[in-house]
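Written out below as structure tokens is the structure these notes cover.
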């Protein structure tokens, strides 16, 4: 899993039927670097399964495991938000969230 | 999932039988950067499952989940277009599509 | 899926029993760039399932979906050639093959 | 699998029910380079299945295989720690751990 | 699949029960470049399923397919060596092994 910040919403009307009712969020992965969470890699579209919103720091899962939440069961989904991150502690210190 | 622009078509005559009747599109992934959708990464070949066409902005799924649309069931396919993207909203603003 | 050129053969005698009789080809992925197909990324070893040969432009599938051709069923294979590419059309023009 | 150092903890209260009771660790992948284990790539969040702690050198598994430990069965998890690494030997020498 | 050279051994005592009896090798991926096999990417830990040893050139499989050898069945393993490479031929010439 990776940590990411929710940065936006994605709107799609014409889509696979299993996507109906799903909340699609744009997320930006973060890594731990020099005591901070810093941007890393490309923005990704994830289905929300935990009530996450824009601005929050989240944990997301990719691949076939992304279909194992109640929100994504049997759907053609490869990325899902599985948790809202309260804190990341590295070497005894809480990382600042960007 | 990632966002991409459909940039072309791929034609193949000699192919796995399960590919017959599939529409193969060349897509170019985009990421959110400085208020715009910008090119990122390599062009990918995806099966269309939603009636997408060249020039449209789409959402695509990779891996085993790509086999979970009616168009790709049980086929040796690892990338499928699952939606046409109407809008991407970041920090309250709609991103421009390239 | 990605497009690649078949650039060589790989010979292995001591191997998993399910690999017996498989043709192993070395392929070089290509992407669409400035009206041409251009080299991108690392060379990959793929099982041939469509009668491809050195010099041909092919379509290949990765991951668990690579096991869904008759040639690769239930084998420990993660990459398979699923089609021979006749043409790639971008913005109304056929891309040159390298 | 890859080798990594456990560098921290991730705390999440609002999460998928299958994550309850799981220990989430932040790990930093390492590669073998010039006789040492050196940092490579992005920090990743992994579920611990072997009693690993901060500072230890571990082996981790990704993808669907990450669900095959007793700690992660059927959970939407894509990364799990499967072993604590005692030693890495390259060309007859033990690599120094950073 | 990719080609790699076996460069070392990984020792782990405290590990998932399904890893007992497995031989863990450190491998370094190679690609074809300018008539030679050259280093590319990060070193990876693979389970041996074909009797490979340090210094040999091998073929390895990743992802869920890595569980389809007799040595790795149902184990939380994502990388397995499936063959020993005798030769790689590109444009009619055998590539030199590094």
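In order of appearance the chains are A, B, C, D and E, and numbering begins at 1 in each one.
We take it that a residue touches a chain if its C-beta (ideal position, glycine included) is under 8 Å from a C-beta of that chain, and two chains touch if they have at least 3 such contacts.
Values in this document were obtained by computation on a predicted structure and should not be read as measured data.
Think of each touching pair as a link: the shortest run of links from chain A to chain D has 1 of them. Looking at chain C and chain E, no chain is in contact with each of them.
Of all chains in the assembly, those touching chain C and also chain D are E.
Mean C-alpha positions place chain B and chain C at a centre distance of 20 Å.
Our note on geometry: chain A versus chain E, Cα centroid distance of 32 Å, whole angstroms. Counting partner chains per residue, chain B shows two or more touched chains at residues 63-64, 66-67.
Order of chains round the ring, counted from chain D and going first to chain E: D, E, C, B, A.
Residues 1-3, 29, 31-33, 40-41, 49-51, 59, 61-69, 80, 82-91, 95 of chain B touch chain A in their complex.
Touching chain B in their complex are the following residues of chain A: 7-16, 18-19, 24, 26, 28, 42-46, 54, 63-64, 66-67, 74-79.
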